[in-house]
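Going in written order, the chains are labelled A, B, C, D, E and F, and every chain counts its residues from 1.
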Amino acid sequence: MSGGTIDSFAQRIRSSEGGLISAWIGIPDPLFVNHLAQEAFDAVVLDMQHGVWDLGSAAVGIGQGRLAGKPVLARIPVGDFAAASRLLDAGASGIIAPMINSASDAVAFAKATKYPPVGERSWGPTLALNHTGLPAAEYLTTANDATVAIAMIETRAALDAADEIMRVDGIDGIFVGPSDLSIALSQGATVAPDTPEVDGVLKHLVARCRAHNKFACVFGSNGERAGELLKMGFDFVIAGADTQQLRSGAASAIAAARRIHASS
Amino acid sequence: MSGGTIDSFAQRIRSSEGGLISAWIGIPDPLFVNHLAQEAFDAVVLDMQHGVWDLGSAAVGIGQGRLAGKPVLARIPVGDFAAASRLLDAGASGIIAPMINSASDAVAFAKATKYPPVGERSWGPTLALNHTGLPAAEYLTTANDATVAIAMIETRAALDAADEIMRVDGIDGIFVGPSDLSIALSQGATVAPDTPEVDGVLKHLVARCRAHNKFACVFGSNGERAGELLKMGFDFVIAGADTQQLRSGAASAIAAARRIHASS
Amino acid sequence: MSGGTIDSFAQRIRSSEGGLISAWIGIPDPLFVNHLAQEAFDAVVLDMQHGVWDLGSAAVGIGQGRLAGKPVLARIPVGDFAAASRLLDAGASGIIAPMINSASDAVAFAKATKYPPVGERSWGPTLALNHTGLPAAEYLTTANDATVAIAMIETRAALDAADEIMRVDGIDGIFVGPSDLSIALSQGATVAPDTPEVDGVLKHLVARCRAHNKFACVFGSNGERAGELLKMGFDFVIAGADTQQLRSGAASAIAAARRIHASS
Amino acid sequence: MSGGTIDSFAQRIRSSEGGLISAWIGIPDPLFVNHLAQEAFDAVVLDMQHGVWDLGSAAVGIGQGRLAGKPVLARIPVGDFAAASRLLDAGASGIIAPMINSASDAVAFAKATKYPPVGERSWGPTLALNHTGLPAAEYLTTANDATVAIAMIETRAALDAADEIMRVDGIDGIFVGPSDLSIALSQGATVAPDTPEVDGVLKHLVARCRAHNKFACVFGSNGERAGELLKMGFDFVIAGADTQQLRSGAASAIAAARRIHASS
Amino acid sequence: MSGGTIDSFAQRIRSSEGGLISAWIGIPDPLFVNHLAQEAFDAVVLDMQHGVWDLGSAAVGIGQGRLAGKPVLARIPVGDFAAASRLLDAGASGIIAPMINSASDAVAFAKATKYPPVGERSWGPTLALNHTGLPAAEYLTTANDATVAIAMIETRAALDAADEIMRVDGIDGIFVGPSDLSIALSQGATVAPDTPEVDGVLKHLVARCRAHNKFACVFGSNGERAGELLKMGFDFVIAGADTQQLRSGAASAIAAARRIHASS
Amino acid sequence: MSGGTIDSFAQRIRSSEGGLISAWIGIPDPLFVNHLAQEAFDAVVLDMQHGVWDLGSAAVGIGQGRLAGKPVLARIPVGDFAAASRLLDAGASGIIAPMINSASDAVAFAKATKYPPVGERSWGPTLALNHTGLPAAEYLTTANDATVAIAMIETRAALDAADEIMRVDGIDGIFVGPSDLSIALSQGATVAPDTPEVDGVLKHLVARCRAHNKFACVFGSNGERAGELLKMGFDFVIAGADTQQLRSGAASAIAAARRIHASS
């Protein structure tokens, strides 16, 4: 996949062609990104909220994902909008912001990720210019479209404000966090992201996205769940985190070895 | 698994109880070790030859494996016996040395991994004392037994010298590298670690280990192969490298998502 | 000390058994943590405010402290509550937040460190699940109790608001910073943490903690001062920072060498 | 240049002697700082906003710059005032804060960079004490003068509030960002830092600095532009970023080689 | 430049088309590689002998160079042939080995860099497979041609053994180190890489390369010297190290600024 | 201490003024070096054999020691003479090589640390030129004197070969390792560095140094032992490793706190 294809990711996710599946990586190692990005993912997300990336490792990790031909997005820590700008400078194709609970949260997020007149993203995309090969003038006027700002909806407040959040100029789509949502809905009693109650909320949010002409993303606990979420209409899904995929691959290998050994 | 259990690993692998399965990690990230070591592996190997570990990351990675209750071994780069000593100082439970092609290679390896009178390992196990909780005097007199030096047999020269290598004082066991062996046997024509020709060599080497009262280890490409290798009598096997397990877990997740999505 | 013992730290500090002494580490090296944690400390604090830790090194450092059998807490930079959540995800046993000057500061802090319904800590404790061995459901419902959120009182505003801060749901205890307090009290004229004036404030704050059934922590410049602070009733004290202990150990060694050399 | 000379930088920049030229480094490598600081710069700025420094690398990078005899300043990410305090603790000679768009932004910035009674900078300058050699009491009472807090003016809002910003106690000078300013002035249409329109604003801001007795800094795209900016009256200018200087040096070398080769 | 173009580098340098100019980088930062590789270099060399790269940073740096479309070679520390294998595994397009002073040095070098039957390079090119996109079987049988092993000639002993070194199977070309050569020729009296005496040796070595059908590489102190060396017939030249290009770019910028400022 | 004073260290240690005490650091953190170097040490040694430094961290650590005004030496891993050259390039004032057991070991060591005609150290001291401020021509002709190569005597073979080792051109002094020596003398039975038997050997070696006009260095377990060793005539002693000093400082602080607390 050439730089051109990587940099058309924003167009793909906005096109509602659907069916996008992304890797999700919390282990802060650039080479890990390169290895995982060899598989048939449409994109890679580096998780700085619950994962252990920092800006420096993420900047190099973005490069390793692009080297493998994949667009790389990043989820920032709660409220760290300065990191959002820095990650775009480093060549991220999009930013996922957790805990966007109100329109004013969304405005602050868009301010950091979009150049004027939409926002106040500050100029300095040195690595992004290297990676995209664009001249500065063209990068400035295309970056707002060529990268995506994705607001996470994962609390009761966010559900209440979902329409307002989607109306904020510069917010390109939403990303639903079903685990936090299930904790919020149960008042802290359970973490249960895959229940009918949560599904009802997910379907509602997909419908609201269609109404607002925004795309919808969601975290799926594993491959099967990801498939169900695609069927619900989500445009972009996660099919389990890195550790889930790593450990399930390892568990399968151990089980196979034990089974064959025991068959002797 | 307590420190005591970790530190009885050498006794386990020497006991010929067999059936040990280890993780194999080339990605140089300590947290990756912690995650993978949660699965039902008997040990973890950090690969410094074809993986990207250096001494500093490995020292911390050994700690993360021990924190997860697992003994951690390391494979050193070809001929880097100084690293062997340093990794033992950092708390490694054993060292795997690639390309031990002669008795003199084996002697040099044992010299670096065993204290006098067997070898000339130099004193300074600061982290190992922390991790094992042993007083210095006891560590000195027990470390030669409590850690293992494992010589890789993976060339024609090594096959010819296998008996001599096993006779070297301080060499505790061997580790066969079937990929390099297959390249050697085919004079560079193919990398084919799982053929009947290679199996013949593997069985021969297991028999020689039994004759010399040494343990036998081997790299298996995946879980199924690992099971077959255990059935051949190997004491300690690899069930695929980290990247193989990671990518197979990811590929399964993607396939499941695509299948379910397509079923709509 | 097993994981179980580490994870009972919150219960110990809340129990008012008193007498807890912790290491305090600003040098951002995980192995340094392992070495210092060998000494008879009850806990270790990693200082991200005036020390040089970042999230990635702290995540590994927490592991090294736990490997040495000690609970590890972290002090976050001023106002960086996103880091508080991330450190708990990495297995920290508690968070110390500097410059909590009002009830609203305390609420923001508790929001990041406690799951609903107390706060809005977001779900994703991958490393903490590894370290504690708890299933997700149990971690969710016990984490608010099993980890502690500690508010620093170190300005005039904080003194005025101390009762309100202690009343905030989710704040488990306070930590007094006597150096900043002395600067505040002197309007910037002196840094003098060990004066009778400061002692008066410290005693007042211990009394207020007793009244609110919260525990009280404090920074002591050295071992002697730490002993005095324990006598004042503090539950948890620092006996000098890492650099103070390192340099005093070195100074003693140099002095001994010079003295004996001169005696020739 | 001795530590004394480094630590008199604040006095130099305040003295209006003018003509100061600084390096500007976004590449997060301490040795890079050491190499670039060999050239005849008056200071070095580490850019954490559009560059890839984090706190840990910057702390070491500040040391490498000081080792080369140069005062080191840092530009923080937007709104990350906690980093400002930490960088001063690590020995930075000044902090440049981007996007100071109002007096309240400036107050928050000064609060983090100045000790009481001007601000609320928290005590803990361990590395700064090492580097300056000052006793704690003296550091406390001189640091507000010996280090500088520099507010960036680079939006329309900031232009409107410039006088108010300069009036905030603790703000020592301003730094104009002509690229962001040009984007703001053109409503996102162009990045054109070196136009007559921008020059008009720059001259106005220099004049306002003179009126408020503050110093004025500015980013120049290259050496020629830096010379023009010095002529406009700026006290401290950048003569192109690190990558610009690196790449122009490399381009010249390649061109010379090609030219001479072609002349054969 | 696509992966295909990167991976045809070996063919280009062997083709005697001549005129290749490479960057030379000792600063161990992957992003620095990305920036410098934007300029019109034909390749990038990471220097592990006199530069500060280690295996881990180099593995990521190779990726950043490839991301910028450039083949990346590495110079290893003296005698560290294990590193040569590891760098090829990480995707290096060639290895430069310093201080190859005899045919037996050359044999040891070729053994580590070429698969059987030429050498004994061990199997495990995980990253190289990712980067080239080749299946394992094809990588095995093409890697000896697709990567280059380059022996440095830079001592009197090496000059005497030059013909024998070039005859060693697996040595693809030579790289002359004029500084060390000048020190050797002067018995330690001077470092003078650009003298007529050195030129005489250089021309002799180019002629010997032609006779042996090997390619010839050389370090040039700056762009002008690189042009002269290309005219002498060298196939691949360095036009100054990274620090030289960086500092000359910075010095020019400072000089321009001072000149224009003084012209007021 | 200015750069000039740092760079006169070789002259001081050769002058037989005696009484030099050095820090000894295995924790691979540059800031740790800066803190410890504040104490009244004459020098700092970074231990790469039993400590966890690698080349990159050591290069930065050398800078932090020099920044604190102290010459920094490094102990290399066994036989890693390539590292010796690289550390001198980075500004080390001397190299300590462990396990120099024969004249041929010593020759290989001198070859890597001394420029022609004494050895074959390769040219490329970029950081050393920065740090010393010397022009290249002067550095070349003075470096052999201005830095020291120190051979460790710590086995029976080394004791037998001690005179021959001291006669090797380029070996400036010796460093005795009493722990390894005691293990060697006891055939692995005990580690007992401070016995009369060891003292006898130490005195013998000091006498042989005097006879050969070389300086003598030794590791002392703590300050008291260091004083005794200075009295024996050693020129340069260690007064306990970093971890010993750190932990003794911490243990004292804890003890003081417990004592005072208990006195209530």
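Please note the rule applied: a residue touches a chain if its C-beta (ideal position, glycine included) is under 8 Å from a C-beta of that chain, and two chains touch if they have at least 3 such contacts.
Not measured: the values here are computed from a predicted model.
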Touching subunit B and subunit D alike: which chains?
A, C, E, F
Starting at subunit B, how many touch steps does it take at minimum to reach subunit F?
1
What are the mutual neighbours of subunit C and subunit D in this structure?
A, F
Comparison of A-D and B-C (more C-beta pairs in contact)
A-D
Which of these, B-C, D-E or C-D, gives back the B-F interface, meaning over half of its contact pairs coincide by residue number?
C-D
Please identify the chain with the largest separation between its CA centroid and the CA centroid of subunit A.
F
Chain located farthest away, centre of subunit B as origin (C-alpha)
D
Euclidean distance of C-alpha centroids - subunit A vs subunit E, Å
40
Using mean CA coordinates as chain centres, what's the subunit A-subunit B distance in Å?
37
Multi-chain contacts in subunit B, i.e. residues touching at least two other chains, fall at 28, 31, 35, 38, 52, 54, 59, 126, 243
Pairs of chains found to touch, sorted by chain label:
A-B, A-C, A-D, A-E, B-C, B-E, B-F, C-D, C-F, D-E, D-F, E-F
Within the complex, which stretch of subunit D touches subunit A?
26, 28, 47, 49-50, 52-54, 57, 77-80, 98-99, 154-155, 177, 179-180, 183-184, 187-191, 241, 243
Provide the residue numbers of subunit B that touch subunit C in the complex, in ascending order.
2, 30-31, 34-35, 38, 59-60, 63-64, 66-68, 126-127, 130-131
Subunit A residues within the subunit D interface of the complex
54-56, 59, 81-83, 85-86, 89-90, 112, 115-118, 120, 122-126, 136-137, 140-141
In the complex formed with subunit A, which residues of subunit B make contact?
19, 21, 23, 27-29, 31-32, 35-36, 38-41, 52, 220, 222-224, 226-228, 230-231, 237, 239-240, 242-261, 263-264
